[in-house]
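Same chain, two partners: chain A is paired with chain B first, then with chain C.
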Partner chain A sequence: METSLNNRISTTQVFFVIVQTQIGISILTLPRDVYGAVEWEGWISIAIAGAVIQLVLLIYVPLVFRFKHHTFFTLTKITLGTPISVFINLGYFFYFISVSILILILYYRTIAAWLLPVTPKWMIMLLIISAAVYLVREDIHIIGRFYALVSGLLVIVIAVQFTGYTSANPLYLLPIGHVGIKDYIEGAQSSLQAMLGFEVLLFIYPFIQGAKKKVIQSVSLAIWFTVSLYIFTTVSVFLFFSPDEIELVPHPVLYMLKAYSSPFIDRLDLIFISIWIVSVTTSLIMYLYLVSLFTQVILPIKKRKTGVLFGGTLIFAISMFFESNESIDAFGEFVSKISYSFIFYIPAVLLIVALIRKKPERGKE
Partner chain B sequence: MKIMLVFLIIFTAIFCSGCWDARQLRDLTVLKSVGVDLTEDDKIELTVSSPISEKHRTAARSQIFSTIGDTPRNARINLESEVSESIDASKLRAVLINEEIAKEDIYPPLDVFYRDPRSALAAKLLISKVNAKEIVQLTPEDRERTSEILGDIIQAAENQTMVPITNIQLICPDLFDLGKDAVIPYVTIKEDAPKLVGVALFNNLKMTGTLSLKESSALLLMQNQLNKKASLTEQVHSDEDIQMENFISFNIEEVKRDMEVIVNKHTGTVDVPLNLQIEVNVLEYPLDDLDTQEKLNALNDKLSARLTEQFGNVINKLQESNCDALGIGRRVHAFEYSFWKEHDWQEIYPKVNFQISVEVEIVRHGILF
Partner chain C sequence: MKFMQLFNKKKRQKNYEEPNPTIADYEIPPKPTNSVLNTNRVFIKETLNYTEDLTENELQINQDTDCLLMFIESLSDEEKLEKNFYSKWENVYSTWDLEKVLKNMDAIKLLHVSDAIPHLLEGKSILFIDGFEYCYSLNSTKVIQREIGQPDNEQVIRGGHQGFVEKMIVNIYLLRQLVHHPQLTVRYEHIGEKKNTKLSLLFIEGIADKEQINEIGRRLAKIKTNKLISSGLIEEYLEDSPYSPFPQYMSTERPDRCALNLLDGKIIIFIDGESTALILPITFFSFYQSNDDYNSRWYAGSFYRLLRLFSFITAVTLPGVYIAIISFHFEIIPYGMTYVIKDAVELIPYPPIIEAFFMELTLELIREAGIRLPSPIGQTIGIVGGLVIGDAVVNAGFVSSIMIIVVALTAISSFVVPANEMNMSIRLLRFPIMIMASLLGFVGIIFCLNLYLIHLCKLTSLGQPYFYPLAPFSFKGLLKDIVRIPHTKMNMLEANKKSKNKES
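Showing the complex of A and B:
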């Protein structure tokens, strides 16, 4: 597929795209999730997860670079042949749909618990999905610009957390090294859901304008920016709550902000949620974009805009079925499990196959 | 294009006008203070006070409701049927928990405050010696509501380093921390007004003792939590004819705390040398005898000895109540984790060997000798 120059994104925008896709729904629950595995040393697990993703990036780049004029969906066709590639591409399609659904239902669950308990589910979901559809109809470079624009809000995400330090106890982070290596790995796994988003590199690479080295740089930077933000958030939370208390709180970040009160500002959690909604939308937008990319490349729908509407409606409709916390958690677990295949195993296999076949990159000449 | 525009107008008219979650002030009963008591048949009695708006005001400035239920939330639901308006606790200023409940377990009545996303976590938490209902019901002359008096009393006491700075949320980490215990202000009624008498000591979630205001000041100094100021009055002589001349009052200007936690793994004992250096400013000393360094030194020594003894007594009380307010356990947890894992801190703490020494130095004495 040919990509014209006017819908390309710069390497700076790639940074924002990766960061905004990664940071989303899970930042609220991440500290609690890693606490479950390694207690107060959760931040170490997050750093480990960051390092692992950095390594995964080393699989991605040579793979997509070999086929830099093809989208990932055609890439699978070239390396694996049509029959298998249909299967794999369909798998990715379902994966993106699943992640989008998960984002949407977790978003609803949080909003309903914290902000709007009475507003009906369809309304809350419709508002965010229509915003996403509206933006995804545009080209990738518009999305990239939007991501760069809203990234300014991350400053507030960081700033409000300093209020937690008014009653921080550094002793809550000690002792370090009280669990084994296995536990750290387990903690790193439980932070995977929060890390998801870097895999979009596989799909947006053909749209990136910039040297290979530059791309690696900005994606690595994005990953470590996200990891640092996560570590900062987790440490803030661990300093604020005593270890046994944190187990009771599903959304510790919001809880910490809610507790802060001063004469001129109150209920920082509501400010945080408002900004967090944007971060959630950006994650949703990216996955919806990938869904539409699939419909454009693979399905007979040649206008991507039609595919967007189709994807949006599908995600919205399926999300309406999830009611109980139990089914949501089970679904989250399911997505976590299948994500290993899609972000790690399949790209690894593709790279190995591509290396063996040594298919030279020609593009359309 | 026109059709789109019409559609947009209809859409916004329908969906952007109504808000499901709107809460109008006129439909709400706003709670300012809540008291939780235990009835004789082990049910919860909830007493709330809510301000009456000026328009509807007759004689009373606030209305008091009291209901009984199985839990605080159940009582509140019962209350809603009584007041015919929905109840809003987001502007709560004070929560009073009866001592009897606190001695069993303080968490159950507080759960509703932690769970509700709209609750006011910054509300002051108080333990009530008498029935909380009596305090909430008080009708003060000089203030709008009891909740304001309570808020002001606590605020003043916090500033003078008499009680720790707490609210519902700040107390929570300590309640759940196995290595540090909570200390919560303790109030009663005196002459138809709420009176702060000291602090209630907790062992995890159970109230196990109390300290007077003077003792809790000492505790705060040992916790290194000197707030805006702290004043003490001590008897330093006993041979003066005029009783007043036996005393000295001073402000504490600065506290330097040096605390160590030494764990002896072989004997299973914990030593805590705690050294406080306190710089004071004399406020009142009717004997007027501070002109030479020798006299100052003698007085310093006397004060040091007295405070060392008093602070030691406070520690004894803490250990009797098994209230680890200094967070010794947290330090053991952080720095001697293997010891922490092997031993039950509940059993170790009362046997911790504290070595308190207080050194007082008079650095200023006003504009007189």
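Showing the complex of A and C:
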């Protein structure tokens, strides 16, 4: 895991990397997920989740900045010693594999439900995984360029939602404050899956070129951009559907767009879902990239490019085993449960240990 | 293992035995000029295999010293000889006088008669003097060149109407006429196995990247072919990824285009004997710029640039989108259009992909048939192909009329791009999209576009990102390359360009 100077990414690209990793599979289901916990006040929960993540960032930044010349692997090695660090990195490796698998199977489930009900599973999955492998073989700066490029599509994601406002009812958002604080927290938890992606900062920090302050700025900006987009989406959906309807629709954003009709084009949901595929691909690409980084340190694979192919095949193969909706849902539950440890507890422990121990010398392993 | 070795050996031997189709692979053993005139004459005649256009002219000085002038009449300009040589012959009374005359007309003294052969083949004349152990090579090269006219495939409405010709020197002259920069540097390179192809590298020292010039030199040195070297071959050797469908160089016949690029820090390559110049490194968006953009109002210039980029998207995706809509997502058709499309498509016996392929291939055939024919016949083919086939095929009920509209729109869009090589790439890029659209609908199209975009992000031209200014994104580059902001504002951007380029 070497970092050479010419394949670094700028702070602007960090913004796009984080945004594109965060926005992905969950934007379709997020309004309904938060509705389950706090009903029409879900957007408050999303804002709370954003604030919590901003706090988590306060753990990450001192940690990665303390080890700014080290990758995450050497970071754990220095703080916790070799045996534990191998164990932890193995954990992260499986965590990223699980997240990638979850993305892949949820993507398949949505595509099968909305666009291609009878197309074989392997084909739909192979499309997205092969595109991901094709890009992840390159260095991070190429990935950053691609992310910045496809972020232009977010304009369409926002624009099409304005069609929902043709039949919006502001009263659906009221009254505010009808649930307790505990419910808000629960709502925030259910939106966590949609927020995942900011943790890449831990792993890509050595590849970033820019001052600490600028990095914090662009990561915070990315988090709040995502949170705003989610709030906008959720509010659009809540304004469109009455509280009774929303419980019935599994993908409220798509149903909202489906209802719109114009003399020029019908079924905006099909346009939306096409763009959504790109967002899913970008999320998958980032996790596959992280997987490939870990294959280099914990498996006897020297070249990252081989690791990419290995990781891609592994994810694809395991994803093929998930058949029933129940198993997919159970797996989703499992991933969001373990993600607390990987994005919060372990970095917190690492920071505490690092603060107790001495500051590492530059370039020393 | 042994088998493989055998195989390799065989292959190597085969390569060795291959007949050489080169021009200058005939090695002449060095032979000094003999003082006996006849020996030299025989040597030259034998070396040139008694070719009949080898002309010899016997002359005498003071009626005692024999001289012999030899030249190849097809290569030499006899008028030039008459003016520079024969007319002065009357004043020559001794060999001393002769040498004086020759000095004035930049003759080259050759000690070896074997060296005279290449000179002869260049169109020079060789003068032997009896009793001298050297000979003279006189400049009598015939220069026949095309007029400097407007290049047919790169016309502009306003601006210079000069185009490059097949003579490298003339091309460099044309470029130097436009760029009066003291740091404009010309480097000559001889490439190929036998170093028989001459090309020149033009760049402006201080603006062009030194690393890139060195890199070009390294890649040119790798060319180990003994065939006649053409610009296409050089392009492939210079490309970062030869397997990419996108051209990573730009070939142009316009001096003004070259001049603009030269001042922008690009490197120009001329090949002797070809009227096209190669411009390196290049970005995707340079193909969508025309010199007319800079000569029209900036609103118009920007509008047409955006229109060309839109044409790229249409040319690549339109048939695919149509196929996807008809086969998978007919819900997307608005209510008013439903019956129109239903009427057109309902009775067609084939699936849309077959229709589309049939029409696309017909169109490619018409284009390919018309492109190299003289223009009157070419027009006839256009009419027969376009109007007759188009109309008949709809009436016969093979292809829906909407498909004809789609294919025609796509074809027009693909011809909008001002550069020919990009045009070819675009036309090929839409076939995978059509196939994927017929298999998977919008998902297939998105997959293909995803791959194309990833590829464009990966691609580099001499190490420079190919999809700049979109990837890496640069707002100033966007203003400069994708729209055309007014020239007065452009100068401000130019000043900041250097610092911007360093960010990735």
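The working rule: the second predicted complex is superposed on the first by the 358 of 365 C-alpha atoms of A that agree within 3 Å, B and C clash if a C-alpha of one lies under 4 Å from a C-alpha of the other, contacts with A are read in each partner's own complex, and residues count from 1 in each chain.
Throughout what follows, a contact is a pair of C-beta atoms (placed from the backbone, for glycine too) under 8 Å apart; a residue touches a chain by one contact, two chains touch by 3 or more.
No experiment lies behind these values; they were computed from the predicted model shown.
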Which superposed partner A:L174 touches (first chain B, second chain C, both, neither): first
Which superposed partner A:S261 touches (first chain B, second chain C, both, neither): both
Touching partner for A:F241 - first (chain B), second (chain C), both, neither: first
First (chain B), second (chain C), both or neither touched by A:L355: neither
Which superposed partner A:L90 touches (first chain B, second chain C, both, neither): neither
Partner chain(s) touched by A:I128 [first = chain B, second = chain C, both, neither]: second
First (chain B), second (chain C), both or neither touched by A:P120: first
Broader residue contact with chain A after superposition on the shared chain, chain B or chain C: C
Shared chain A contacts, counted only where both chain B and chain C touch the same residue: 115-116, 119, 123, 261, 266
Partner chain A, residues of chain C touching it in the complex: 328-329, 331-336, 440-447, 450-451, 453-455, 457-458, 465, 467, 470-473, 503-504
Chain A residues within the chain B interface of the complex: 113-120, 123, 167, 169, 171-172, 174-175, 178, 240-245, 248, 258-259, 261, 266
Touching residues (chain side chain A, partner chain C) in the complex: 8-10, 12-13, 111, 115-116, 119, 123-124, 127-128, 131, 134-135, 138, 141-142, 144-146, 148-150, 261-267, 270-271, 273-274, 277-278, 281
List of chain B residues in touch with chain A within their complex: 15, 19-21, 114, 117, 120-122, 167, 169-170, 172-178, 180, 327, 330-331, 333-335, 337
